[in-house]
């Protein structure tokens, strides 16, 4: 039963991801006084891409073609272990939060390689920058998550969230630190302003786009979709870890329904925040990014320490 | 006892014989035969001692106990292998025109003379004779040091002569004092006999004995090459013909140390204060460290290894000075392995110098490519002497360390420091010589490397396992010297 | 104890000891090689006297033999040989200027005192003559070394070396009525060979560095130029 | 039986060493064989035929080389068998050899710990024996002789086995030094290049210093042992005061750390590993460092008695330093083997960090978590042995085919060397600790250990360990970046040199087999970590005296060392998921054959003329890191522009980069200067003037006389 449910939940992830992207886009347009595309535009794009004939450079190798599938499945596996609307998630046991970070690592690893595969300057540039950013982001994210896992003394997301839920409304300084760290990391990892600009294709500033410059057709579709899922993953992580209220603990339909509503609400709010920040802030220079991320790293570490010293001390 | 007499007689004959025929073409072979005979005699002697314990000749002139008999065998053995090496070496020197027939005669006859002196030092029971023989050894070798008649060699020989002469004179004064002390307890004729002395050691006057030991130590210590009395040693080793260097550091130093240890045994019997031991330890450690540092700044390959001899003699002196069973056992073992290894190294060094036509370290290059046997011999010999297992030097050094940790733990770091410095110093100089490309115009030379192989194999064997008979032997000697067996 | 109480032998030995000590001081102060050698021969003669005296006083026959050997070696052979060298290398004219000789003299004096100080433990259990003999012997050894250190002429070194031998010999004779015969002979033989070798070396040295100045023999050193 | 296998491993490796000596004796053997036949020695025709073939001058060399490596392979197999059997049977085998000192024969002991390392070495040696023949095939006997190589390889491996077998300090030191010396000869094997000589010298000296430290450490323990015997048993039941134990610990850390390559005593490693032949550097980096680790564990956890948490802190700090330093320096290298050597430093650092954790937990009274950390350390050692061997052997293949080790000379090899590139990719993924590969599992365990910090009361530790975890996370991320760079620059993109263009896949089956073996193990262990961990359980029971908190949940499918709801990882399930999703999406999107993709030119912004000089090389790739972590290295960047006559236009630009190790400037060069300075001062004593020498002896005499009276 609950395996099937886990499957459904993962599907939900896949399906909702483009919607989230569209929602963010819509709000940005609104905030910038532009006419917004429909919320379903991302779906249309994906559909269009899957029906186009992909073009691959002569110099590309099998790795270039395999990468989109690897990235996509890595993201979906990541999605499958993150409690979306219910914490009673069997797949969560198969891979805990460290493995989740590992999934992101795989996707990044292959994307970077694929970027270098064709042998253009852009690909290498993108790969180099992506690895730099993520090198700084990954430890920060781990720190942030460890704060939670230490509090819950479990790296299993489901049981960790469950723990926070049981605790009820407790104000933890460590969680505040962790939350901010997490948000910064999420911005960096999903390639959002001020770290990266998903909309730009200006050679010198792009990071993520530079890697996937050579992709087209269904390959591009997979990658776009994967990054959409990634965005949603971070959103869900933030909202469900730090504001788990409303998430279902069992499969009672009513509970699930409310949980879904709660989730959509939380995500929507987060997305609005994201849109606002992206509108308000300007993209920063590449070599300011490390300050941004080391700040995140610091926050995560502070969260961890404050948890160890203030809260868990006996 | 006959063996002992034959052992002494043979070299005497040799002196005369070679003085007459030393220039004949195949004379090297005969020299080998003489030494081979001596080796046989020494084995025979060892067998006797092994069977029937300590031997004392009538009239108490000669004494052969487990201590000196093993040194006798060692001496005879190294003497033989060195003569095997010296045969082609000397031929090469003659072909190069560096030696005239007259000097060849001198060389071979003095070689035998030196061996005779060594055997006499070891076999005699009379401290006076021991002194005489020691001096005789100097006199025999001093002309060989200046064999090449270059200004350097003459200078070296002169220093060797004067410094050792003065030193040995001091030893003589020590002997006089010893005799004077012994006069109180024994009749004039036997008063210098070691057997007599060791028996009544307790009755000797401690103050006099201490003073006499100081003289002995400074005197024979000059010959051992203890810092700061060592200055003659590198010169003499580097300037003389290489076979001489081999026997000098393989044998002469050992026998000088032997003399000191004999005296120490008497003094220990006399005084309760371990003054002799402390003095030896101090000198030993000083020599060990200073020589190890000197290794770092050598330009001459033979000087390099003579300093390493100083270093190792220092270590032995230190170990004997400690005087615990462990350390004594270790010192005996170290004496053996050092003689074997060092003479083997000098063999390879001699050939290396002939290959390159110089002793300058920075002119000797790429030996392994030029003549692999010599190159590898030198390299492995150096490994052995630097105290890397599985060679015996490691075993003995390990034992010395062990003994030091047991009795004077705070001294161990110094020893280890010395070992490390020495290793670095040796290899910083050896590596460039053996490795690298083959320089232009370097030719392989006629070389007989069996001595090297035999020695190194023996050292390897001693490193892996000490044969029962030998260890019993060492045990007896240890008991003789330090009163009890190790463990 | 005053000297009157002592027997003739003791007095004689003591005075000879004093004279011998004097001779080595003379050597220390002697700039001319020929005179140096002469004083050395004189010392040898005194040594012979002492030996003979000792032999006479205690009817020890073999002391006469060693006296004879000493006479031949140290009074005639070696000085003669050295003299020959000096003439051959015509050094008989030049005088070695002694730097700060007074200091050397004072040093010598302190050495004598020092050797008495060193040997004072012996006093408890022995007669005055022995102590003096040993002390003089020791001071001879030390003075000989001092001589070698202060002079840079090879022949002077040889003389110093030989005077050290004299010191040993004196100590041996007087304090211990001579060593066993074998040892005596051995020593004598060594001294003889040594003397011959010195002769050879003078030739070699003077041929390699046409002088006998030991200070010029410092090719082999560890000081980087 | 176990012992027999263990000895067999040693004997076989030694015999391979001896066989190597025969390589130049072809004529002798052939004539001997002919003589024997004439004598009427009858052999079975098959054997005879083989011998005739093998002894023919043309074949002899390759045949003998194969034989030598066959011996090694068998040695490896028997080592694997004995290691496994001792691990499974969880027994302790003892023996004494008639070698050594009269009163201290060589004591031999094979227990789970040494058995585990036996297993590691066995695997590595087996792989190397597959790899070797192809690698050394075309060695010119004159230039670099196989005699030396084979001889010392055999001795080296035998030495490592003996270190594991040793059960008394004397035997241990002999085996240890044997290992060091043999590997020294292997480092100096191609001694025509000055760099190799320098590396060999450095290595030898540091090995000697390390050995000295170890001897001293043993001596400290022996000083307190009952009957001053040097057997490990005697050590085991001596208990030292905390001070002395700490002294011994520091000595051991120095000695073994110098061999293991901890920062800042690692400098020999990046010098020595690149210059040795590849399969040797594979052994040195993949295995010898583990032997050092073994020595350290044996010394600290078993012989030294009670663990102090301060030691754990020391390990934590040093380990963090090494792991970060190692990976940072690795990123800046462009010589592949040098890079790998530095990454070994990193991995060793990680291992020591986790060991430190387990020490801390042990002393704080949480043995079950200590066991977890201990296993994480050992498991990482195992994994590192696997993938580092794989990487070095892969480097060997590449050097063999491309004739270069500079990664900026390569590129595009993924098309020219398909098999090697795939296997190398596996290695890169393992070392970058991506899920489904073995590197990830040990890192996961390490994190699990660090996350159990809240059981500790000591506030210092509570705040220190998270920092260590942070360092660990950063290390992992950097490693991923580093190896993306390596793989991308070497295998992807356009060829960067003519060598790379001409490169082609190796034809030698053995080499590929060795690589595939290791790669397969990396993947297998990554997917089914349970099997290794259940083996490790016995080790930790023996050393720590405690098993995992939750052994039951460790099986081939689940990995939940602490408890299922606290942390769990089911690699097989993940694998299934990846295959499922990937397969489905692939099938779904490719079903329409009309949409088969088409190949065209790379997009070049419409300018045209993309060439291989336009793509990123490793220097460019690492530029952001150089900017961000500038103070980590001693960077010496030079950019000189030649401006052309047209103003504000650069006609030619040249960029030079020199990356140096801080430790040289601050530690090693001063030491050398010091020694030489002292030597010069002491040299002044020996002026060459005889009168001064006489004065020395005079003064000495006076002084001593004054002393005694």
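First chain written, first letter: the chains are A, B, C and D, and each begins at residue 1.
The definition used in the following text is that contacts are C-beta pairs under 8 Å (C-beta built on N, C-alpha and C of every residue); 3 or more make two chains touch, one makes a residue touch a chain.
Note that the structure is predicted; figures quoted are calculated from it, not measured.
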Query = Looking at the contacts, which chains touch subunit A and subunit B alike?
reply = D
Note = Counting contacting C-beta pairs, the top-scoring chain pair is A-D
Between subunit D and subunit C, distance of the C-alpha-averaged centres to the nearest whole Å = 70
Note = Per the C-alpha centroid definition, the whole-Å distance linking subunit B and subunit C comes out as 31
Request  = Return the distance between the CA-based centres of subunit A and subunit C, expressed in whole Å.
outcome  = 101
Key: subunit B and subunit D, separation of their C-alpha mean positions in angstrom   = 44
Query = Where does subunit D touch two or more other chains at once, residue-wise?
reply = 680, 682-683, 685-686, 690, 694, 697, 701, 705, 709
Message = Show the residues in subunit B shared as contacts by 2 or more other chains, in ascending order.
response = 158-159, 162, 166, 170, 207, 211, 294, 297
Note = So subunit C residues touching two or more other chains come to 118, 121, 145, 148, 157, 214, 217-220, 222, 224
Inquiry  = Under the stated touch criterion, can you name all the chain pairs that qualify?
reply    = A-D, B-C, B-D, C-D
Query = How about subunit C: which of its residues touch subunit D in the complex?
reply = 114, 117-118, 120-121, 142, 145-146, 148-152, 157, 214-215, 217-224
Query = How about subunit A: which of its residues touch subunit D in the complex?
reply = 50-59, 61-63, 65, 69-70, 72-74, 76-77, 80, 91, 93-96, 98-99, 102-103, 105-106, 108-109, 112-113, 115-121, 123-125, 127-129, 131-132, 134-136, 138-139, 142-143, 146, 149-150, 153-156, 159, 203, 213-214, 217-219, 221-222, 286-287, 290, 297, 300-301, 304-305, 308-309, 312-314
Task = Please give the residue numbers of subunit C that touch subunit B in the complex, ascending.
result = 118-119, 121-122, 125, 130, 134, 137-138, 141, 145, 148, 154, 157, 161, 164-165, 167-168, 171-172, 175-177, 179-180, 182-183, 186-187, 189-190, 193-194, 197, 200-201, 204-205, 208-209, 214, 217-220, 222, 224
Ask   = Can you list the residues on subunit D that touch subunit B in the complex?
value = 98-103, 170, 173-174, 177-178, 180-181, 188, 191-192, 194, 197, 200-201, 204-205, 208-209, 212, 215-216, 219, 222-223, 228, 230, 675-676, 678-680, 682-683, 685-686, 690, 693-694, 696-697, 700-701, 704-705, 707-709
Key: subunit A partner contacts - residues on subunit D that touch it in the complex   = 411-412, 414-415, 425, 429, 432-436, 440, 444, 447-448, 451-454, 457, 459, 462-463, 466-467, 469-470, 473-474, 476-478, 480-481, 484-485, 487-489, 492-494, 564-570, 573-574, 577-578, 580-582, 585-586, 589, 594-605, 610, 612, 614-616, 620-625, 627-628
